[in-house]
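Pasting the structures in now, so scroll down.
What follows is subunit A paired twice: with subunit B in the first complex and subunit C in the second.
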Partner chain A sequence: MSSAWITTRAWLLMLPLLIVMIAIVGWPMVDTVRLSFTDTRLVGTSGEYVGLANYAKLLTGNAFLGALRTTAVFAVFSVAAEMTLGVLAALLLDQQFRGRSFVRALMILPWALPTVVNAMLWRLIYNPEYGALNSLLTQLGILSEYRSWLGEPGTALWAIVAADCWKNFPLVALIALAALQAVPRDIKAAAVVDGAGAFARFRFVLWPYLAGPLTIALVLRTIEAFKVFDIIWVMTRGGPVNSTRTLSILVYQEAFSFQRAGSGASLALIVTLIVTVFAGFYIALMRRSGSRA
Partner chain B sequence: MERRSLAASSLVYGAAIVMSAVILAPLVWLFLMSISSATDLSAQPLHWWPETLDLSRYGTLVSLVSNSAGEAFLGSLRNSLFVSGLATLGAILVAVPSAWAVSRTPQVQWSLFAVIATYMLPPVSLAVPLYMGLAHFGLLNTIVGLALVYLTILAPFATWLLKTGFDTIPQEIESAAMIDGARLDQTMRLVTLPLAKPIVATTALFAFLLAWDEFFYALLFTADQRAKTVTVAIADLAGGRVSDYGLIATGGILAALPPVLIGLVMQRAVISGLTTGGVKG
Partner chain C sequence: MSTLEIAAVTKRFGAIDTLKGIDIVLENGEFLVLLGPSGCGKSTLLNIIAGLLEPSGGDILIDGRSMRKVHPKNRDIAMVFQSYALYPNLSVARNIGFGLEMRKVPKAEREEAVRRAAEILQIEPLLARKPAELSGGQRQRVAIGRALVRDPKVFLFDEPLSNLDAKLRTEMRTELKRLHQKLKATIVYVTHDQVEAMTLATRIAVMREGRVEQIGTPREIYDHPASLYVASFMGSPPMNLLEGRVSANGDSFEAEGGSCFIPIPAASRSTLGPGRPVIAGIKPEHLAPARSDTRSTLSMDVEVVELTGAETLVIGRTGGQTLVASVKPDDAPAIGTPFALTAPADHVRWFDPDSGKAFPA
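Presenting the complex of A and B:
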C-alpha cells in the first residue's frame, strides 16, 4: 500500500468525526469570535459591529478583573490542596495494611459522585440553621454560634474550595498510587536497607516515578479549575456580593441572564485563551513523554 | 516484606481510619438525611441518628402519579438516560473509525492533539452560538438537541480514550489478516473490533458517566420536563423553595446511585482510565 493511500484512508475514516466537530465546535467557535465584535442580544434583532468595544469595556471594568482573581484563587488553592492531599493519601495506600483494598475502593466514591450532587450535599452541610458543620463544630465546642458559611463573603469561596477538594483529591490519589506501584519493590526495599530517611526515600526513590503523572494531573486539574461552573452555581450562584463569581459564572450572567451575547462572547474568548495556554502546556508535556497520548 | 515498628504501624492504621472517615462521613450523612424525619433534621443541635425513620421521600420521588414531584423527578432521570445514551452512541460511532485511523497512521497522529485541545475547550466558548443554533433549528429543550451538544465533549473524549486502547492491540494481527486477503472492513469486523470490545465498552461507560454528570449545557438548553436532566433537577431542588432537606438528599442519592455503582463495579478500569489522563472528575 502506498503511503499516500494510507494517509487518504485515515482521513476518510476520520471524516464523520471531522464533519461533526466542524458543525458543533468549529463553526460555533468562529461565530463566538464574530459575536465578540458586535453588540448582539441573545434573542431578537441582530447586533451591530462595535469593534473592540466589548473587550475595552471588559478589561477596564471591575467585574472581569474580580472574576479573574476569584478564579485564580479558586484554582490555585483547590488544586494545591488536592495535589498535596492526593499524594499523602497515595503514600498511605502504597503501604501494606489490612483493609487497604477497601480504602482504595472508597476513593472511587467521591470521584463517581456527580458534581452537582456533591455541590448540593455540601450546601446542605454548610446550611446556616440546620447544617451538619455548624452542629458538629458547636457540639465539639469549637464554634460558639452558628455561621452562614456560604452566606458570608469571607468564607463562601473557602467553603467551596473545601467541597471541591473533597471530591477531587481521591482522583489525584489514585493517579499517584498507580505511579507509586510502578516503583520496583526491591528498589523501595533497598533504600530502606541502605538506611535512607523517609524524606530521602520520597525525594530520590519515589519522586522520579511520581513527577510525570503528577505534572499531567496538575495541568488537567488546573484546566478543570479554571473552567469551574457547576459546583459554584449550585452552592452560591456566584454570591454573596459576587465573592464566588468566577469567569464561567460571569460569562453565564453576561450572555444568558443579561442576554448580552456580544460581550458574553468576548469574555468567553478570554477564558478560552487562558485555558488554551494551559492546554498547550499539557500537549507539550505529552509530546515530550512520547507515545503516552 | 519489611517489618514495621509498632509506632509506624499505628500511624498507618490511624491515618487510614481518618481518611476513610473523611471520605465516608459526608456520604453517610447524605443517606441519613434521606431517611431522617423532618423534625430530626431541624433539631438544634442535630439528631445525628434519626429518632424516627422516614422512608417516604423515596416514595415521593419514585412515583408515577401524574403532575407529582415524583413524576417530574423520574422524568428527569429518564431524560438523563436518553440524552446520555444517545450522545454516547453517537460519540462511539464517529470515534471508533477515527481513533483506529489515528492509532494506525503516523502521518495523522498530530490530529490527536487537535482532538485533545477540543476536549479541553471551556463550554462557555461555544455556548452562545450553540444556543442560537439550537433555537434556529427548534432543538432547544429537546433530548436530541442536548445529545447533539454533548457530542462536543463526548466525541473528542471517546476518540482520545479509544486511540490509547487501539494502541495496545498489536498491528501485526491486522497485517496478518490483510496478507491473507481480508479487506479493511473485514479485518475491522473480524479481527480488530472483537479484540477491542472491552476497550469500546469501557470507553462507552466513561462517556456515559461524563454525559450523566454534565450540568452547564443542560442548564442552558433545557427548560422543562421534556428534556430537563437529573443534574438540573437536583440543582432546582437545592436552590428552590423545598424546605425538606431530606427530600433534597433523597434526590441526590437517587441521582448518584447509577454512576457510583458503575464506578465501583469498574474499579479496575477506572484506575487505568485515570492514569491515561482523559478521565476527569
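Presenting the complex of A and C:
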C-alpha cells in the first residue's frame, strides 16, 4: 500500500468529523470575526462595517480592563488555592488510615456536582439572613452581625473564589493522588532510612513525580478559570457594582443584555485569543513531556 | 558483643503470621544471607531490622542496644533496595551523599565521603549524571554507594542483583564479595538465589514460611541439609531424593522399584534400623559411572542428556523415581540405554520421610 493512499485514506476517514467541526465551530468563528468588524445589533437591521472601532472602544474603555483584572484575580487566586488544597488533600489521602477509600470517594462529590447546583448551594451558605456562614461566624464570635457576602463589592469575588475552589480542588487532589501512588515504595523507604524530614521527602521524593501531572492540571484549570461564566452568573450575575464581572460575563452582557452583537463578538475574540495562548502553552508542555517519555 | 541480634521476632499481618519467631545472632563482619522462596518473609524481616516495619513481638538489638521505638535513621543501618530506589531528579553525587546531607554533615566532609565511595565502586565519571542516564548495573552501584558513604554498623540488602542480567549479576556478586572482604562490613543480604547465597555468605539462614529452617555456613548447609526442604533448595540441580527402606538385615538401602542398592555405613545403622522407610539424599555430583570391576549400586534408564559446559547432566529414571547425575562429558551415556552408577556411602544423607528431617549423621 502506498503511503499516499494511506494519507488519503486517513483524510477520507476524518472527513465526516472535519465537516461537522467546520459546521459547528469553524463557520461560527468566521462569522464572529465578520461580526466583530460591524455594529450589528442582536435584533433588527444588519449592521454596517465599522473597521476596528469595536476593538478600539473596548481596549480603551474601563469595562474591558476591569473585567480583565477581575478575571485575572479570580483565576490566579482560585487556581492557586485549588492547587494548594488539592495537593494537601492528596498527601493526606496517600496515608494509610482506616476509612481511606470512603474519604476518597466522598472527596470527589463536590467535583461531581453540576456547577449550577454548587453555585446554588453556596448562595444558600452565603445568604445574608439565614446562611450557614453567617451563623457559624457569629456563633464562633468572629463576626458581630450578619453580612451580605455576595452583596458587598469587597467580598463577592472572594466568596465566589471560595465556592469555585471547593468545587474544583478535588480534581487537583485526584490527579495529585494518582501521581503520589506512582511513587515507588522503595524510594519512600530509602528516604526514611536516609533520615529525610517531611519537607525533604516532599521536595526530593514526591515532587519529581508530582511536577508533571500538576503542571498539566495547572494549565487546564487556568484555562477553565479564565473562561469562568456559569458559577458567577448563578451567584451574582457580575454584580454588585460589576465587582465580579469577568470577561465571559462582559461578553454576555454586551451581546445579549445590551444586544450589541458586533462589540460582543470582538470581545469574545479577544477572550478566545487569551485562552488560546494558554492552550498553546499547554500543547507545548504536552509535546515536551511526550518527547521525554 | 554481637553486632546484630534478632531476638524472637514475630510479625502478624492481620490474621496471618508472616514471621513465627526468628532468632539470629550476628557477629561483627559476618555476611548473613537470608535465603528462601518468594513469600517466606525475608523482606519483612529485613524491613523489621531496618525499622521500616515494627515487629509484633521480639526485638532487634544493634551493638546490644534495643531498637524498640528507634527511628530507622537512628539505627546505624544502611539499606540497598531491589529497585535501586534512587532519587530521580538528584545527581549521582547528591544521591550518594543524600543520607549525609540529611544528617547535616558539612559539605566538604560529605564531598570527600562521596568521592571515596565513588572511587571504591569505580563510578567517579558518573557523579554528575542523573539516575535516568545510567544502566542497571551503574544504578545498582550508586545504590550501594549510598549505603557505603554512611559507614553503618549493618548493611541491609534486599535482592540487590535480581534486576540485573545474568552476566552483570555474576560480576556484581564478585564485586560485593570483594567489598565485604575489604570493608569487613556486617551484612544481611536477602535473596532467593541459592548460588548467590553460596558464593557470598559466611552464614546462610534458610527460611521457610516465617521460620528459620536451618542456619549455618554455606558448606554446612550444602553438605548437611537439615531437612528435605533445605536439600531440595540447595544446589543446581538439587540433591536426588530417593524413597525406599532399610533392608531387613539393616546394612543397606533399597529404593522403591528395586533397581538400587546402597550400603549403609556402620555408624548410621543403629539410628536407621532394619525395615525402616527412609529417603536417601545423593548429590548429582557424587554419582559416578560404575567401573566394570566394581559392583554397581544404582542403575538408571537414561532419558535426557544435558551439556552444561564443564559437566554433563544425565537425567533418567530408576525404579520409577527421577535421578540426576552430573558426570564428565566423556562419561555421558547414550539416551535410552541403562547407566550404572555408584554412590559413595559416606556422601549419602538420610532423611525421615515422616518429619522431613535429616537423621543425625
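Points to keep in mind about this one:
Just so we're on the same page, the second predicted complex is superposed on the first by the 290 of 293 C-alpha atoms of A that agree within 3 Å, B and C clash if a C-alpha of one lies under 4 Å from a C-alpha of the other, contacts with A are read in each partner's own complex, and residues count from 1 in each chain.
FYI, a residue touches a chain if its C-beta (ideal position, glycine included) is under 8 Å from a C-beta of that chain, and two chains touch if they have at least 3 such contacts.
Not measured: the values here are computed from a predicted model.
By the touch criterion stated above, A:42 is placed in contact with subunit B alone, subunit C being left untouched. Set against each other, subunit B and subunit C touch different numbers of residues in subunit A, with B touching more. Of the two partner chains placed by superposition, only subunit C is touched by A:194; subunit B is not. When the two structures are aligned on the shared chain, A:81 is found in touch with neither subunit B nor subunit C.
Of the two partner chains, subunit B is the only one that A:272 touches; subunit C does not reach it. By the touch criterion defined above, A:234 lies against subunit B but remains apart from subunit C after alignment on the C-alpha atoms of chain A. Overlap of the subunit B and subunit C contact sets on subunit A: residues 189, 192. Partner subunit A is touched in their complex by these residues of subunit C: 47, 50-52, 72-74, 77-79, 81-90, 98-99, 102-103, 146.
Listing the residues of subunit A that touch subunit B in their complex gives 3, 6-7, 9-11, 13-14, 16-18, 20-21, 24-25, 27-29, 31-32, 35, 42-43, 89, 92, 95-97, 99-100, 102-103, 105-117, 119-125, 127, 129-130, 132, 135, 138-139, 146, 166-168, 170-171, 174-175, 177-179, 189, 192, 213, 216, 220, 223-224, 226-227, 229-230, 233-234, 237, 247-248, 251-252, 255-256, 261, 264-265, 267-269, 271-272, 275-276, 278-279, 282-283, 286-287, 291-293.
Here subunit B touches subunit A in the complex through residues 1-2, 9, 12-13, 15-16, 19-20, 22-24, 26-27, 29-30, 33, 41-42, 44-46, 90, 93-95, 97-98, 100-102, 104-105, 107-108, 111-113, 116-118, 120-133, 135, 148-149, 151-152, 155-156, 159-160, 163-164, 167, 184, 209, 212-213, 215-216, 219-220, 231, 234-235, 237-239, 245, 248-249, 251-252, 255-256, 259-260, 262-264, 267, 270-272, 274-277, 280-281, going by the rule given at the top.
Residue ranges of subunit A in contact with subunit C, taken from their complex: 184, 186-187, 189-197, 200, 204-205, 207-209.
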